[in-house]
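Accompanying notes for the structure given below.
Should a chain be cited, it is by its letter among A, B, C and D, assigned in written order, with residues numbered from 1 in that chain.
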Amino acid sequence: MIKVTVWNEGLHEKLSKTVAGIYPAGIHNCIKSFLSSQEDIVVRTATLSDKKCGLSDEVLDDTDVLIWWGHMAHEKVPDKIAAKVAQRVLDGMGFIALHSAHYSKPFKLLMGTSCSLNWREGDRERLWTVNPSHPIAKGVPPFINIPVEEMYGERFDIPEPEQLVFIGWFAGGEVFRSGCCWQRGLGRVFYFQPGHETNPTYHDENIQRIIINAVRWAAPCRKVFNVPTGHSKISPEERLHEADAKKH
Amino acid sequence: MIKVTVWNEGLHEKLSKTVAGIYPAGIHNCIKSFLSSQEDIVVRTATLSDKKCGLSDEVLDDTDVLIWWGHMAHEKVPDKIAAKVAQRVLDGMGFIALHSAHYSKPFKLLMGTSCSLNWREGDRERLWTVNPSHPIAKGVPPFINIPVEEMYGERFDIPEPEQLVFIGWFAGGEVFRSGCCWQRGLGRVFYFQPGHETNPTYHDENIQRIIINAVRWAAPCRKVFNVPTGHSKISPEERLHEADAKKH
Amino acid sequence: MIKVTVWNEGLHEKLSKTVAGIYPAGIHNCIKSFLSSQEDIVVRTATLSDKKCGLSDEVLDDTDVLIWWGHMAHEKVPDKIAAKVAQRVLDGMGFIALHSAHYSKPFKLLMGTSCSLNWREGDRERLWTVNPSHPIAKGVPPFINIPVEEMYGERFDIPEPEQLVFIGWFAGGEVFRSGCCWQRGLGRVFYFQPGHETNPTYHDENIQRIIINAVRWAAPCRKVFNVPTGHSKISPEERLHEADAKKH
Amino acid sequence: MIKVTVWNEGLHEKLSKTVAGIYPAGIHNCIKSFLSSQEDIVVRTATLSDKKCGLSDEVLDDTDVLIWWGHMAHEKVPDKIAAKVAQRVLDGMGFIALHSAHYSKPFKLLMGTSCSLNWREGDRERLWTVNPSHPIAKGVPPFINIPVEEMYGERFDIPEPEQLVFIGWFAGGEVFRSGCCWQRGLGRVFYFQPGHETNPTYHDENIQRIIINAVRWAAPCRKVFNVPTGHSKISPEERLHEADAKKH
């Protein structure tokens, strides 16, 4: 079983009737719902208003993949929690940053760049699969039409993606690297652009498929891994040069 | 001085009045003309109808960067010449594949993939700079409008670009990885999508700037380089293990 | 079930008593044996002396991952079969090139480079895991000692690996990028250096684990995939620009 | 002219007679000296004991490439200065992290990983050039012998290098990705392993050549660059979809 925690800021749903209409139980519960339909995935949720943002050590110990949705309150997430999340990724936890989470603290810490971009109000988007045999594109058609999405456009200030899986086209004339993969430490990171709070994007079956695939891709190969670092733990007997020396 | 050879199939210009009207001296001479305006670049041209396709050993010995435009007669280029060109790239020569040269023999040999794509007749294109500090983007604005270009769309079957510099947007709803960099052997390879024969794209100042930049980027660091391969040429004295052994 | 075909040149085993002593049933059957111990893998073998090199369309239709071992008779593999194998990789089949298969025809076709390297007779090797959370490194310790392996040293003329998983250290003073991953078309390619015919390397449990992992990593996400290319199959109704035009 | 600032912690030279013997004027002045011999490079130095670490806005405004050497006092560099340096890199400044600067604050901020590694006291190193046509390897032989260097060994916790230029071999049995390139924002980053304070490594002509090359590689294409981000600055007229709409 892959243990997923869906983290959502959870404010727009409270402040806007439009958003509440689209996601009555919150974006996190919408995502939980379609992930939970998969036999190999179990899901919990956490939000900004929970104690410790819902991200205690106990929760993180029990998380294989963390999904992050945030927008208007990135600064409300304490630096300490952001640093802890980033460290967990380095330790092997998968991390999926959705939409405006490009500006979330953990994502920026992991990327090392500003993660800035251009944006504009809703427009038609067509999402192209440029790496159709990537695990995250499994079962995804050559392109997906999204009737309305907030426009996110280049230049997107990210490190060169290790695999670029999706590119977004917007009717107003923009393009965007919409689905990007990286490894950081022992963990895998996926950024995925669609999902503005005022658009019903997470109800789209293909968008759901991509996020389900991303969970499986980002799940760590093994939970506990011991990579020695620091002063070399190789015993003198194992140092090959000295071993030579002894023989003679 | 960077020595450039511009290779052009050179058939459309002879067969079509439209093309001849846009490029009266041929696409190769248009490219030669704007490259020659640069103080650090000297240019010769070669075409399919020249003896040995204009690509004798003498010419290639004197070429730092080879630019390739071909479309309707890829198969007319002898396999031997294509293999020789690819080998020169492995030896350090720069290679710039323009537009339909995605299907040219040397490019396919260097990529190892089918290099297939989707295409459609002319459409408006907007070319986005996604890596603005890459040498090939020097002086290039955030985006370039191209009034009409043949549509090239994903999926483009290429190895993941080592640097993706430009992404094309087409009015009909498509995107394309339009400016892509790779290294093969000791040589650098750049693919650049704009430049259909019936469109005056190579007269565009920004397109010219990109090709000029690409020439400088693709020029080899050093012309002659000796990378030993095969049975190790390291003398026994330099083999560290045996050197150890001797000391004792 | 992952369907694996292990291809072996199969000549050294016939020509050398030493090699026959180490691999009495041939290298291919040694590899088949440890792969077959896995519940999710079924294995067939094929050799150079089989009809069509044992690689008929029927066999390839039934192969998810092809493992290749060859050394002294690369040139005996017909160009047509090499091209067919490379095409299958582009179509999604996984490909694992072992040891001297760096010079095999299908691997060179897929890489587009000379794949040359430096080599020397047997030496002690220590294989380091540089990407411990990569699926191919699952359960593999930080390093593996190989008492004797043919020395393969840099410069290895390959495209920059998309993921570098292992680096080899040799007592004589050399290093080698020993475990390298690429994607080509829809297929995944892994090169793995250890496995000279006169060394019992494929009997090593950790080496076996790496090859088992590589099979699982290289197995295609889906066997049949339809990526449209050529003249755009998007219906006029789906062309967004024209759709716009109609509305007005 | 490329304007370089060499930053050195500058403590070992004061605390250890051995180090002072090797670098009487400090590591920074040794580096300044060989860089200054180049006609296209001008150099200033800065150290931890200078006001604001010698890295005022005025100094950084006048710096194309910042070289960083630090070891025992990484924590003494204020977070604010480290963040400012990292931001300058995103804005286009080149950054070269030498030896134990793998643990410096700016480098860790740019990488987003722990940058941990294994280390051991001095050993013989052989540094291999694995990408001989990379600009940083210009004029560098296939390998360089370093009689004694502190051992730095894998696993080195860095993002996959965009180009791996050098791999280090150590007599005790270790390997290390010793020369690694990345882009972050508009800036270029190079990490280079050799240069322990008690070894005379920066007096080695080949090591000097590599650092000189790295300065030229890391120098920004253009100092001032305006990449618009935030709310789209594209005028409504330039939005292609709306432009369409108007025509009808």
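In this section, a residue touches a chain if its C-beta (ideal position, glycine included) is under 8 Å from a C-beta of that chain, and two chains touch if they have at least 3 such contacts.
Note that the structure is a prediction, hence the values are computed from the model and not measured.
Asker: In terms of residue numbering, is the interface formed by chain C and chain D classified as same (over half shared) or different (under half shared)?
Answerer: same
Asker: So if I superpose chain A on chain C by CA, what angle comes out, to the nearest 5°?
Answerer: C-alpha superposition angle, chain A on chain C: 180 degrees.
Asker: Greatest Cα-centroid separation from chain D: which chain?
Answerer: Farthest chain from chain D, going by C-alpha centroids: C.
Asker: From the mean C-alpha coordinate of chain A to that of chain C, what's the distance rounded to whole Å?
Answerer: Whole-Å distance between the two chain centres: 31.
Asker: Where the CA atoms of chain C average out and where those of chain D average out, how many Å apart are those spots?
Answerer: 36
Asker: Whole-Å distance, chain B centre to chain C centre, using C-alpha means?
Answerer: Each chain's C-alpha centroid was found; their separation is 29 Å.
Asker: Which chain B residues sit where two or more other chains touch them?
Answerer: 124, 126, 131-132, 142, 153, 155, 160, 162-163, 171, 173-174, 183, 185, 227-228, 240-241, 244
Asker: Spell out the part of chain C that touches chain B in their complex, as residue ranges.
Answerer: 86, 90, 109-114, 116-120, 123-124, 151, 153, 155, 157, 159-160, 162, 171-174, 182-185, 227-234, 238-242
Asker: Spell out the part of chain B that touches chain A in their complex, as residue ranges.
Answerer: 126, 128-132, 142-143, 153-156, 160, 163-164, 167-169, 173-175, 177, 241, 244-245, 247-248
Asker: Looking at the complex, which residues from chain B come into contact with chain D?
Answerer: Interface residues on chain B, with respect to chain D: 92, 124, 126, 131-135, 137-139, 142, 145, 162-163, 171, 183, 185-188, 220-222, 225, 227-228, 240, 244.
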